[in-house]
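Following: one structure in structure tokens, then a few remarks.
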Amino acid sequence: MLTHFDGKGQAHMVDVSGKPVTAREAVAEGRVVMAAGTLALVTDDRAAKGDVAGVARLAGIMAAKRTADLIPLCHPLPLTRIAIDIDPDPALPGLRVTATVRTGGQTGVEMEALTAVSVACLTIYDMLKAAQKDMVIDGIRLLRKEGGKSGLFEAAP
Amino acid sequence: MLTHFDGKGQAHMVDVSGKPVTAREAVAEGRVVMAAGTLALVTDDRAAKGDVAGVARLAGIMAAKRTADLIPLCHPLPLTRIAIDIDPDPALPGLRVTATVRTGGQTGVEMEALTAVSVACLTIYDMLKAAQKDMVIDGIRLLRKEGGKSGLFEAAP
Amino acid sequence: MLTHFDGKGQAHMVDVSGKPVTAREAVAEGRVVMAAGTLALVTDDRAAKGDVAGVARLAGIMAAKRTADLIPLCHPLPLTRIAIDIDPDPALPGLRVTATVRTGGQTGVEMEALTAVSVACLTIYDMLKAAQKDMVIDGIRLLRKEGGKSGLFEAAP
Amino acid sequence: MLTHFDGKGQAHMVDVSGKPVTAREAVAEGRVVMAAGTLALVTDDRAAKGDVAGVARLAGIMAAKRTADLIPLCHPLPLTRIAIDIDPDPALPGLRVTATVRTGGQTGVEMEALTAVSVACLTIYDMLKAAQKDMVIDGIRLLRKEGGKSGLFEAAP
Amino acid sequence: MLTHFDGKGQAHMVDVSGKPVTAREAVAEGRVVMAAGTLALVTDDRAAKGDVAGVARLAGIMAAKRTADLIPLCHPLPLTRIAIDIDPDPALPGLRVTATVRTGGQTGVEMEALTAVSVACLTIYDMLKAAQKDMVIDGIRLLRKEGGKSGLFEAAP
Amino acid sequence: MLTHFDGKGQAHMVDVSGKPVTAREAVAEGRVVMAAGTLALVTDDRAAKGDVAGVARLAGIMAAKRTADLIPLCHPLPLTRIAIDIDPDPALPGLRVTATVRTGGQTGVEMEALTAVSVACLTIYDMLKAAQKDMVIDGIRLLRKEGGKSGLFEAAP
């Protein structure tokens, strides 16, 4: 039932060699919840203080390309697009991170999108931890997945 | 105010060359929330179906060692211990992940512990996603940090 | 005569751009020879003592994906399957490791299968070296190769 | 009894934070066994045909530096010396590989020396596989280890 | 106007999923300028003193395969050929480095060729820096690019 | 005479185990020469168009941490500071890149500073190549080096 293990319960990188190459896209999200004062350090006068979102975006993009190196049973895939949005949300308060990844490959890019979000969130934590240590990374989940045999998945709102 | 940026707002890897080498430890946690039926796939007859926690634990340990490669402004540190616990929690339902990391170095290992937790959670998601796509990775936070000038930090319960 | 060097004796990554993309598979094997008492540490009551084979299998799978990073003149290939079997053999005594790798690519995956076997064997050595330092890694060889212009290769028994 | 697993049988990177930093050295060896005609491709007129040993030596040196990335439970160590000898042995026939690694660290460098030997052997196989597919990598073992609490180890001849 | 940034000025890895896979090649060059006496260390009696060009060539080949890991917004590409020439030029005096890279992919390999040249030049500097610290790496540029929608580019002589 | 090769002309990672750990710093520079119109794309209304220098700075910082992975005979070092300045120079016209790296280690950080500059320059090229393909990366050199037995080095102006 768990496809990443064979009949004897041994982990393997599952055979996708018979699957067709198709266009695939995945979108994932997550958030870093912090104090309002910490969020203000990010949003106030960004040019002078440093571009927290810019650094985190780069980290997420680079991490997406290393997903198969980090997640043991993930297939290496030729990614064709990676985009990351990072937006302040005063209602949390905190930062919301969304990643979109595309490939033309034999398996999906959910893990690449989720890895991009996770590493972007970790990078935000790293840059703000001198100001606040009890931030929380929350709500990392798949929003949407398209392409491949299983077709479209869209998360409940 | 944000130490990862200089006076002109430029990102840099901050100078720790004047800081003493001290014993440091950090503990972080996170959880993967899933349906009860998905959790049962992990906990029922683990030997036959495959050791989800074992694979995730390895992934987290290996990721901790690559933290400075993933988080742009992190210092490379000679890690001296990495341990990861992954426990089922029927009340979530889901799996709870805790990582403990030690070093003798000039800066702390919070990011290594948080990275280990994040990648272990992503690996759990990867192994179970064929059964359930709407799992959520939640509550990634620092539990405890010891050593260095800032001394002991313990998260509120 | 050595294809990895040009007419002046200079190493290069040989041009495969004119070769067709075909289904390819390679199987390789190796063994770690140890004392019977060391092998017993692996096979007796595996659940309580720790899953040596499980850790080594993961290490081999992850190493296969990094072959082109390790072997200087290897082409990067989109691997579509990696499976590793690790079985105790009391007659050695020791552990036998077999790796199977597949791709759809322009060149074969022998090196990926051999790298997976080698790193799985090294990982076994690492986990058991506190018990025995004079274990030997032996008999790493290609068992079978299929696909591509050179067709089927099968090792003598 | 297996130090890489805790009391519950869970893999961890064992705590070395209490161990002193000492000078450590390890020497490992291995061999690639091939047909006499294949060995002649390596030894005859090396300058014109290409320097197989030179490429393999580099690959082994670079792999030693990545040991903690490849072997899941290995500690990262600041290597201070890596040297690799590759010598033809007509009696095999084949090539003998020896690696010497040093560090000043809290744990030994056996795995670094064994990894250097393994990757050098794999690289030799890669460069010669167009000439002979049934070469065998054999006899990878620790020759000598010095430094640290367990003191001197020397392999039987 | 800068394709690596979106309409809001945010960096992204640009979408190439709609572009066809075509044969692509890029050639880049660079040089390390040094004193005549330093160049003599490289060219005199190369076999006895060590093969500076051989080591630099390998470093460049391996770096080309890691371009997408180093350059944040580069797409991962399945490289099908990497060749590097390193020639002494007494008129500089110094060493000239040329790299040729091919792929069948959706975007060009200029960055792979330029990265190969840069890392080969850095490696030359590293091996000769004990003899001369004020060498200069100069003239790294694209010589030629072929394939893809933008067609042929050739540098002015 | 070339320290990176032994008496037989074989490349090795030279033994630094007997050298003391001292504070070391290196500063390197380089430049990307381009058309005035290309430079204007970087300097005009940076916030709206995208932060070319910010992306290149991050790439250089991350590359410095991977120097020992890229340059075959470089020792791994625990970097304690990495800072990169990127400034427009209308007189070139182009961008000037300067990198400063510190460590407490047994060997110098020249290669880390030079690698940071090189990868930052390559990243600038990557982001601007859609506008101009014949930019040139020039003048990569060591400006200053301090610490260790060889003492202070300062480049001629």
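Residue numbering begins at 1 within each chain, and the chains themselves are lettered A, B, C, D, E and F in the order written.
Assume a contact is a pair of C-beta atoms (placed from the backbone, for glycine too) under 8 Å apart; a residue touches a chain by one contact, two chains touch by 3 or more.
Note that the coordinates shown come from a computational prediction; the quantities given were computed from them, not determined experimentally.
Enquirer: Quick one: which chains contact chain C and chain F both?
Expert: Expected: A, B, D, E.
Enquirer: If you walk from chain to touching chain, how few steps can bring you from chain C to chain E?
Expert: Steps on the shortest route: 1.
Enquirer: If you average the CA atoms of chain D and of chain F, how far apart do the two points sit, in angstrom?
Expert: Distance between chain centres: 31 Å.
Enquirer: How many angstrom lie between the CA centroids of chain B and chain E, rounded to a whole number?
Expert: 37
Enquirer: Determine the centre-to-centre distance between chain C and chain D, using the mean Cα coordinates as centres, and give it in whole Å.
Expert: A distance of 15 Å separates the two centres.
Enquirer: For chain E, write out the residues touching at least two other chains, lowest number first.
Expert: 10-11, 47, 51, 54-55, 58-59, 62, 66, 72-73, 78
Enquirer: Where do chains touch, given as pairs?
Expert: Pairs of chains that touch one another: A-B, A-C, A-E, A-F, B-C, B-D, B-F, C-D, C-E, D-E, D-F, E-F.
Enquirer: Note which residues of chain C are touching chain D in the complex, please.
Expert: 1-5, 9-11, 30, 41, 46-52, 55, 58-59, 62-63, 66, 70-74, 110-111, 114-115, 118-119, 121-123, 125-131, 133-142, 145, 153, 155-156
Enquirer: Name, in rising order, each residue of chain A that touches chain F in their complex.
Expert: Where chain A meets chain F, its residues are 47, 51, 54-55, 58-59, 62.
Enquirer: Which residues of chain C touch chain A in their complex?
Expert: Per the touch definition, chain C meets chain A at residues 23, 54, 57-58, 61-62, 65-66, 78-85, 102-104.
Enquirer: Using the touch rule from the top, collect the residues of chain E that touch chain A in their complex.
Expert: Result: residues 6, 10-17, 68-69, 72-73, 75-78, 105-106 of chain E touch chain A.
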